[in-house]
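For clarity, chains are labelled A, B, C, D, E and F in written order, and residue numbers in each chain start from 1.
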Amino acid sequence: MRPSGRNADELRPIRLTRGFTQHAEGSVLVEFGNTRVLCTASVEARVPPWLRNSNRGWVTAEYGMLPRATGSRTDREAARGRQQGRTVEIQRLIGRSLRAVVDLEALGERRIVVDCDVLQADGGTRTASITGGYVALADAIQTLMKAGQVRRNPLHGQVAAISVGIHNGTAVLDLDYAEDSDAETDMNVVMNDAGHFIEIQGTAEGHAFRRPELESMLDLASDGIDRLIAEQRKALEA
Amino acid sequence: MRPSGRNADELRPIRLTRGFTQHAEGSVLVEFGNTRVLCTASVEARVPPWLRNSNRGWVTAEYGMLPRATGSRTDREAARGRQQGRTVEIQRLIGRSLRAVVDLEALGERRIVVDCDVLQADGGTRTASITGGYVALADAIQTLMKAGQVRRNPLHGQVAAISVGIHNGTAVLDLDYAEDSDAETDMNVVMNDAGHFIEIQGTAEGHAFRRPELESMLDLASDGIDRLIAEQRKALEA
Amino acid sequence: MRPSGRNADELRPIRLTRGFTQHAEGSVLVEFGNTRVLCTASVEARVPPWLRNSNRGWVTAEYGMLPRATGSRTDREAARGRQQGRTVEIQRLIGRSLRAVVDLEALGERRIVVDCDVLQADGGTRTASITGGYVALADAIQTLMKAGQVRRNPLHGQVAAISVGIHNGTAVLDLDYAEDSDAETDMNVVMNDAGHFIEIQGTAEGHAFRRPELESMLDLASDGIDRLIAEQRKALEA
Amino acid sequence: MRPSGRNADELRPIRLTRGFTQHAEGSVLVEFGNTRVLCTASVEARVPPWLRNSNRGWVTAEYGMLPRATGSRTDREAARGRQQGRTVEIQRLIGRSLRAVVDLEALGERRIVVDCDVLQADGGTRTASITGGYVALADAIQTLMKAGQVRRNPLHGQVAAISVGIHNGTAVLDLDYAEDSDAETDMNVVMNDAGHFIEIQGTAEGHAFRRPELESMLDLASDGIDRLIAEQRKALEA
Amino acid sequence: MRPSGRNADELRPIRLTRGFTQHAEGSVLVEFGNTRVLCTASVEARVPPWLRNSNRGWVTAEYGMLPRATGSRTDREAARGRQQGRTVEIQRLIGRSLRAVVDLEALGERRIVVDCDVLQADGGTRTASITGGYVALADAIQTLMKAGQVRRNPLHGQVAAISVGIHNGTAVLDLDYAEDSDAETDMNVVMNDAGHFIEIQGTAEGHAFRRPELESMLDLASDGIDRLIAEQRKALEA
Amino acid sequence: MRPSGRNADELRPIRLTRGFTQHAEGSVLVEFGNTRVLCTASVEARVPPWLRNSNRGWVTAEYGMLPRATGSRTDREAARGRQQGRTVEIQRLIGRSLRAVVDLEALGERRIVVDCDVLQADGGTRTASITGGYVALADAIQTLMKAGQVRRNPLHGQVAAISVGIHNGTAVLDLDYAEDSDAETDMNVVMNDAGHFIEIQGTAEGHAFRRPELESMLDLASDGIDRLIAEQRKALEA
């Protein structure tokens, strides 16, 4: 039995609210149950130095947590003067995942920054960020296309992510904080709409996992991501 | 005529949503028109070093802006490794303003941190932060009182803030971004529920202001703050 | 009775010593009683990035305190690796105040940096910095004019500053450290030679202040600044 | 055909030189072909703050690259004042991997720091670090046991790591820099001596990978790690 | 002929003004010609962590330059967030030199910080700092002795410093900026009142120096320091 | 009697291993007994900003210590976010020493960075770095000459360095850690192949040194450096 009463293969309620704030080219509030992340996609005219005069663009991500998004307050990274290792790892993962579905040449020499700021955390903030970040990115790209600033669609696929894990000896989908804190294994899976892998990051917490456990987790993830891809499509067509 | 069509003494629609997030002891979304700030108040057992064993508590504030809260994206302060001068100034102002209505001895040796994070900016983020921060603070203190952790109410008053300015030669209340950017003078006024001043910060932008202009602005501010104090009370009684 | 024995409307002895050091285009030691600040104005050929090719110049200020300018030693900010919030606030105030009397177009594409370094502190270091910084700035601009580097005088007025406060229930002018530490209210007022306001920053320490108290403080400040303006003129004509 | 002429399932020559430097409790030079990493394990009496008085120890890792370990010089992180995202990611991975085979209670309240410094890089520095770091750790723990400072062996297994990838459409083992730079997929696998997974990190570079590709890579990794485990044992028995 | 017209063995006018500022236990303005450094010595009750409960004290120095102490403005180190290599080198030298004449056990568990801040630079700021810093230190120690806080005098000698160099092929004493900038060799010598060496730092600029040149420079330095030691004594007896 | 049993004028075994790593234009492992430093020289096309378009090049050095190069582990400077004062001092010394034998105009507008990373420390790391760094620099310059990138040899001499000190009242050469820690005086001497001085840095530890002691140390250093210059030549001719 999962702490939340969900079935092993059951996602939390997923919500994708487009246009949550008004300034960004794409602005999406993504909710995986009580986890709430504001994803904004900002289009900028300049690219990083190593891409100047390359006719290629760039997509990058930054991740942050409001200090009291969590059960006890964590210090503000701006006040401490440095981002934590965990933050850096997560934003690199989000950036790589989103770039996997973008044709950077078609994007042209501009940069899109996807900011993922966690307003409330209950497990799965990085997978929610990727899933919601994709929708914000799609909206920003739509803006570029409507303005005639790109000739062909730089998006060549969809990308979404979900966590899976082994909890009480069973493979489960979309762990919330209660499950995550005492899971034996925790894996984040990023896939595209063709069902192929973009990224897998699995970590044994407590005890090492076997190949069959891995296979069960991948099966769950694959199903879950199918549903997230459908949610994204529904949101974008709304 | 003001850009927004408001009268000179008209506030934008004010909204105070308590319980906006679930973890913090106080969590309020404050809206002054399109300006939206999430204020959370977190109670911590420890005090800053200089207050240890003093039987006194502390109230402090931190301020942040999501990178795309504004019309064009600003760099994330955590990524730059330092808070900007403007951020530091604002969070010091919020902290001083809130402490002005707290009896730090009655609070006991604990610290309350009020985090004000701007989700969307349209002028007046610091005055919204003080006004909403007060409500979050009141909720956090209520939690302490219900739990019997403080014997007498550390709050001895209410505090709210509003901006006033000279725009096109006229004194106006609660400037939005459009007005703020070409006001000749910009003043932030913080007052308590007795109608006395906690803080005044007025700056001439462009041309110096005269004593009668100052008097008009103070009159407007005083009226505006009366209405904000009433809004706070209504929200807290809801 | 004030700790120093002064009358409520009495300034401390004011001294403005031009040419205190030899390298800077303007170099003034300003003394408000025991408060001593060295203000140098340095002319630089380059402007900040956002002003390049704008035909406009910039005036900015930096503020520092020698570690033992105060009763007990404070850590050197260079050693700590960051400027304190108080420092940032003060230098922003000085910069805004000085810019209020400079025509940045007439200055041309160059930058003047006014460094205010406190050699000895006894209250009022920011108001002394503005008052002395103006004289250093005027000297630097005079250098530019003599060299024919600017066609018309970029200075269109004088600026000076003074502190006022409520001490023992009475409004007093130009607080020294002893008064400042137990004043109920502390206000810094910056005005030009036409008697108009450039900046007002008033803070209740301890108890909130009423409108009539504010009016008395403003009256005192206005008189005090008239005298400072006269001192500046006298120094510059010497 | 692989650039190095190796078979798809062929490791580079592996060398583990114990006692490479004299001060550390464990000091191992690990070589995977031309990749050379110096791993030292240092035992310290103190633990991180959150473990004080817990009777538990800690194992952590730090990773660095000499500036000219690579084809072109990279800036020294100490001079830049911050570690790069990549560095932080890698050292967190090494630390988690090593902790997976240590009983932190048996270790007692002390900390072992495994420093992995890359003298020469040719792909696979993180997998070499884990594989060599384990041997350094084992030596340090042996020192503790010989000195009677721990009662039972805190090591409850071996851990090693290898990279696999898809290169020219084929799954290959232990990528060198030439392969790594144009692999379509790159995965790092960490396993223990029971053949179970400690960590999997797979990233699609260029095109997403399918489930059968994943399976082939995992098979290769599993075989490769068996051989590394044997090399470690041989080195430790020498 | 030296640029200043001085003889090869001639010091610039030396001035040591005690009590230059009022707060520090020792406060001395030292002038070597146009070089002016404010040296304050501050007594603190606490020692660095590694000396706690050792019954020994510590003497340390910090060095700074006001931004416009020099011909063209240098960035403020506090604003840049780090001290330059040159600053670090100089303050370490001053600290070592002063500690050479202090019995740290006699000082007892307290710390004296000697801050040397250059108000105006014209060559020789580090030697002026050591020479003036000694007088400030002596005053601070005198304060401790008068207050009965130390039983025996922790000062067991005097220390002073001077620069020598090879300019136009001749050994010269006490270089000013004009000489220093085109000297072929530059050496700073620190000696005690017994005429023994505390520190020698000689650097060839341009061309390497021979043993006889070194001997001439040391002879000059030795004579110059004798005179500085006499100046210090005169100042302290005044 | 010296702790190592060496004669007063005896160097430790010196070893210079060229080509220790493969990527750098010059790569030398230098050993002074148990002190081992990896020196790499990297040629870069760009020069520091102040040399752009000057037709002159630059040679600079950076110094680092692996965390466990020493008896007890020292924190990694990259992790702490700043280089220590000692590091900065040493790398400035190495850079100045190497530049003393380079004709920067002949080098042309390029930069050579000599990285000296201490793998194992037993006293004398800075003198080993200069001595080995010279050989790495010579190899890098040889590479430039063979490639026809410089017309005439920018090296106009050799440079080497050794430490001397007073230990148990006797002048000794090339101190190891055991001697260094209780020497009364410690001096580092840098000379060229003509036997002239490039740099002298002598520090009294404990008691001040007299002129005759200085002379003895300089004699020892001069002899020692002759032998190092010969070792360099032998290594470069191998």
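Annotations for the structure displayed:
Everything below uses one rule, namely that a contact is a pair of C-beta atoms (placed from the backbone, for glycine too) under 8 Å apart; a residue touches a chain by one contact, two chains touch by 3 or more.
Because the structure is predicted, anything quoted here is derived from the model rather than measured.
Looking at chain D and chain F, not one chain touches each of them. Where touching is counted per the definition, the chains common to chain B and chain D are A. Residue numbering shows that chain E and chain F use the same positions for more than half of their mutual interface. Look at the CA centroids: the one farthest from the centroid of chain E belongs to A. Chain centres here are Cα averages; for chain C and chain D they lie 59 Å apart.
Chain centres here are Cα means. That of chain B falls 50 Å from that of chain E. One finds 28 Å separating the Cα centroids of chain A and chain D.
Residue positions of chain D with contacts to 2 or more other chains are 81-82. Contact topology of the protein chains: cyclic, one closed ring where each chain has exactly two touching partners.
Beginning the circuit at chain A and passing next to chain B, one meets the chains as A, B, C, E, F, D, using touch as defined. Against chain F, the residues of chain E that register as touching in their complex are 82, 85, 88-89, 91-92, 96, 100, 187, 191-192, 194, 196-204, 207-211, 214, 218. By the touch criterion given at the top, residues 21-24, 27, 34, 36, 38, 40, 42, 44, 62, 64, 66-73, 76-83, 87, 113, 115, 117, 119-120 of chain B touch chain A in their complex.
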